[in-house]
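What follows is a pair of complexes built around subunit A, which joins subunit B in one and subunit C in the other.
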Partner chain A sequence: MKIAIFPPNSLILADLIERRGHEPLVLQKEIRKRVTDAEIDSPPLNITEEEPIKGLKYAAIEVPSGVRGRMAIFGPLIDAAEAAIIMEDAPFGFGCIGCARTNELSMFCLRKRGIPLLELHYPTTKEETMEVVNKINTFLDKLEKLEVSNG
Partner chain B sequence: MSQEESSKFTRMIILGPTANISQTELVRKIHMMEIPLTIKSTCYGAVINGEEADVNKAVEEIRKLDPCNIFTKDRGFPPGDPRRCRAKRGGAREGFHQLEKEFELLGHISEALEHPKKVSLKKPGKISVDTFKKIAEESEK
Partner chain C sequence: MVKIAQISCGTDYSGIQKEIEKAAETFGAQIIIPEADLNYIDEAYKKFGFNAASTGIRLMIARATSIVEGKTDADAVFIATCFRCAEGALLRNEIRRFIQKNTNLPVVTYSFTERTKADELFIRMEALSTIVARKSLLAREKQEGLTLGIDSGSSTTKAVLMENNKVIGTGWLPTADVIETANIGMEQAFNETDYKLADVDGIGVTGYGRLRIGHHMDAQLIQEELSVNSKGAVYLANKQKGEATVLDIGGMDNKVITVNDGIPDNFTMGGICAGASGRFLEMTSRRLGVDISELGPLALKGNYRKAALNSYCIVFGIQDLVTSLAAGGSKEDVAAAACYSVAEQVYEQQLQEIDLREPLIQVGGTSLIGGLVEAVSTVLGGIEVIVPEYSQYIGAVGSALLVSGLGVKK
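Showing the complex of A and B:
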C-alpha cells in the first residue's frame, strides 16, 4: 500500500513503513526526479515556471508561488496516497518543508482525501516515542488486513 | 548529468545509537556483498548509490545485520553531489540537521521495535454530562 507521510522526508516514518512492507511516499523520490534530470535547467533544483502552474491544482492563484511550487512536488504524493500518517509539531523545517503554509495545506489535502489516516504528535520523551512506534505498527497492521479483505 | 546517473538511486543507512556494528564494519560488510554500488562512509553510517534493484537488495541484506538498530532513508541527491556535499557548501547540508534531530529518538525507537506492544488507536471519548456531574458532586463532598 502507498502511504503518504508528514513530514514527507521523515526518516522515522519512512523506515517504520518500509519495515512493514508498505511503500512510503517520500519527498526524496520527487526531489530525485528534479535533481538528476539529464536536462537540468536551474540547479540545485530543476524547478521551472511549469511548477507553480502545476501547483494551481492545489492552491489558488493568489497563493504565493513558493507554496504553489512546493505543492507541485507534494501534490502528486498526496494524490497517489492510499493511506497517510501525519506527525504534527515536528521540530524541523528545512528546505522543501520549511514553509509553514505549505505544510498546513498539505495536511489539509491529506485529511480531505478521506483515506485511512493516523494523526500523531512528534514524540519528545521515551514513553511517547514507544507509544508512537506501537501506534504506527498497529495502524500499518490494520491496513494490511484491509488490503487482504479488499483483495 | 548523464542519463546513466539519472537512473540511479541513493539510500542513506543510519546506525542507531545502540547498534552493534560500527560505520567501518558496515561499509566493509556492504563491500563484501559484492553488489555493484558506490559506497560512501559517513559519520551516521553510509550512503549507497546504484541501480534500484541493487540498492534494494543491499538494503535488505544490511537490515539483517541488526534489524532493530539500522535505519534507512531515501536520498534525492547522489553522494558527494557538489550542490549538497558539505565540502563544497561550507556547512552541513539541510538534511543533516533533520537527521541529527531524528537521531535523538532512534534509541527509543529501537527499544520499541525490540519490545512491541499492542495499543489502541481509538481516541479517548468525551464523558457524558451526567458522569461529569457525578464526578463534580463527589469532589465537592
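Showing the complex of A and C:
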C-alpha cells in the first residue's frame, strides 16, 4: 500500500515501511524529480512561481508562498496515500520540512483523508522506541491483511 | 433579529470588535459569540485534527464545532482573522469548509487590520442579514409592473427600466456626483420609453451610492450588490433553478457568489488591489490608445504568452505592458496579457476560495470584454462561462426585479 509519512522526509519511517513491503510516499522522490530536471529555472529545487500557485489547492492566497510551495510537493503525496503514519514532536534530524504552518496543515490534511492512520509521539527512551517500532510494524502488517482481504 | 455567530481571533486586540458589532447592528443583526468551555476547546480541536499553535485559533475551532454540533443557535457565521497571520488564513478556510459541509448556514470570511472600519464590513453583514431575513424577497423570479433599478457603482452608474418582465430602457454613464449621475442615467432610460418617473411602481437602488440615492429618491429597496447582482445574474441567464456561480469583476472590487435556486449561499469579495479589477483594464486600454470597448476584441486576437507581465500591481503591471510595447510587442498580445493577468488574479485571490459551481455567469461591465471572458474560462480549465444579455446592467436589473416583489406604489 502507498503510505504517507510525517515528517514527509523521514528516512527511518520510510525504511520501516519498505521493510514491511509497503511503498513509502516520501518527499525525497519528489524533490529528486525537480533537482534532476533538465530545465532548472530556480536552483537548487527548480521550484518556480507555478508551485505556490498549485499549492492554492491546499491553502488560500493569504497563506505565505513558502507554505503553498511546500504543499504543492507534499500535497499530492497526501492525496495519493492509502494509509499514513504521523510522528509528532520529532527533532529536525528525524525529518523536517522547516515550517510549523506546513506541519499543521499537512497533519490536518492527512487526518481529514479518513484513511488508516497511526499517530505517534517521538520516543525519548529505549523502551518507548521499541514500543513505537512495534506499533508501526503492527499497523503495517494489519494494512497488509486489509489489502489481501480487499483483494 | 438575525443572529450572526462570530468565529474570530484577534478582533479585540486589533481594536475592531466594536466595528464588527456596529456593522451587524446597522443591518438588523446581532453578533453572538458561540460558547466553549476549556474542556470543550481541547476536545473540539483534537477532534478537528488541526494542532494550531495559537490558542485563539483553537478557540475558533471549538466555536465552529459548537455551531456544527447545534450547541449554539446561529443564523449565519462571520469568520475573521488578522491579515497576514498564516495560521489564521489556514484555519479561516478550513473552518469555512467545515461549517459549509455540516450546516446550511451562510458564511462570510474576512481578514482584518487595525484600520478595518464598520463601513468596510457593511456589504458583507448586509448580505448575510438579507440571505437569512429576506429569503422570500430573493425567491422572486419574475418582474412585474413598471420598476426602475439604479446601480451606482464605483466606476459607472447604470439605470434600467423594466416592465412586465422585460427591460424597456437603459442608461449608463461614468460615475461623477452620485445623485447627478443617477439622474442622468435615469433620464437616459426614460428617454427610450414614453414613461416618466412618476409612472413607476417601485425604485430599487444598489451599489456604493445606494444609501444616498435611495434616501434622496425615497426608494422602496436599498440593497447591497451581492444579493442584487446574484439575483440579477441568474434571472438574466435564465438559471434560476439549480446551482451557479456569479462572477462580477468590478471597477474597484470583485465579487464571486455561489447560488442555489437563485439564493446566494456563499460569497467572497476582494477589493484591496486594483490590479485585479476593471480599473487595470481601463488603464491598459488608455495606454494602448483604444476605447475600453475595443480592448476585448483586440485581446481575442492576441496571445498572452507573448507579452511579459510579471507584476500584479496596477502600477508595475502597466510598466510591464509599456516595456512589452517598447520591445516591439503587439497591442493585441499586450491586451491579451492584461486580460489574462486580471483573470489569473481573480482566480488566485478569490475563485479558489469558493467551491465553484457550473455554470459560471460573468456579469458587470467587464463581462463585455471578450478577451477577459475567454481568459477566465482558460484559467478555469475551459469551463462554460455565460455572459447574459444586459450583463453590464446586472445590479440595475436585479434591483428592478427585486423591488417589484415589495408591492407596488400607487
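Worth a mention:
Assume the second predicted complex is superposed on the first by the 147 of 151 C-alpha atoms of A that agree within 3 Å, B and C clash if a C-alpha of one lies under 4 Å from a C-alpha of the other, contacts with A are read in each partner's own complex, and residues count from 1 in each chain.
Operating definition for what follows: a contact is a pair of C-beta atoms (placed from the backbone, for glycine too) under 8 Å apart; a residue touches a chain by one contact, two chains touch by 3 or more.
All values reported here derive from a predicted model rather than from experimental measurement.
Steric overlap between subunit B and subunit C is absent once the structures are superposed on subunit A; the two fit side by side.
Once the two complexes are overlaid on the shared chain, A:A100 sits against subunit C while remaining clear of subunit B.
In the superposition on chain A, contact of A:V35 is made with subunit B only, not with subunit C.
Shared-chain residue A:L56: touches subunit C; no touch with subunit B.
For subunit A, the partner with contacts to more residues, out of subunit B and subunit C, is B. In the superposed model, A:F108 lies in contact with subunit C only, and not with subunit B.
In the superposition on chain A, A:V67 makes contact with subunit C only, while subunit B stays out of contact range.
With the two structures overlaid on their shared chain A, subunit B and subunit C come no closer than 13 Å at the level of C-alpha atoms.
Applying the stated touch rule to the two superposed structures, the subunit B and subunit C interfaces on subunit A have no residue in common.
If you check the complex, the residues on subunit B that touch subunit A are 1-3, 5-6, 8-10, 12, 14, 71-78, 81, 83-84, 94-95, 97-99, 101-102, 105-106, 108-109, 111-113, 116-121. Those residues of subunit A lying in contact with subunit C across their complex are 53, 56-57, 59-64, 67, 88, 100-101, 104-105, 107-108, 111-112. Within the complex, the subunit A residues that touch subunit B are 9-12, 14-16, 18-19, 26-32, 34-38, 40, 43-44, 91-92, 94-95, 118, 123, 126, 129-131, 133-135, 137-139, 142.
Interface of subunit C with subunit A (complex): residues 48-53, 83-84, 86-87, 89-90, 92-94, 111, 348-349, 352-353.
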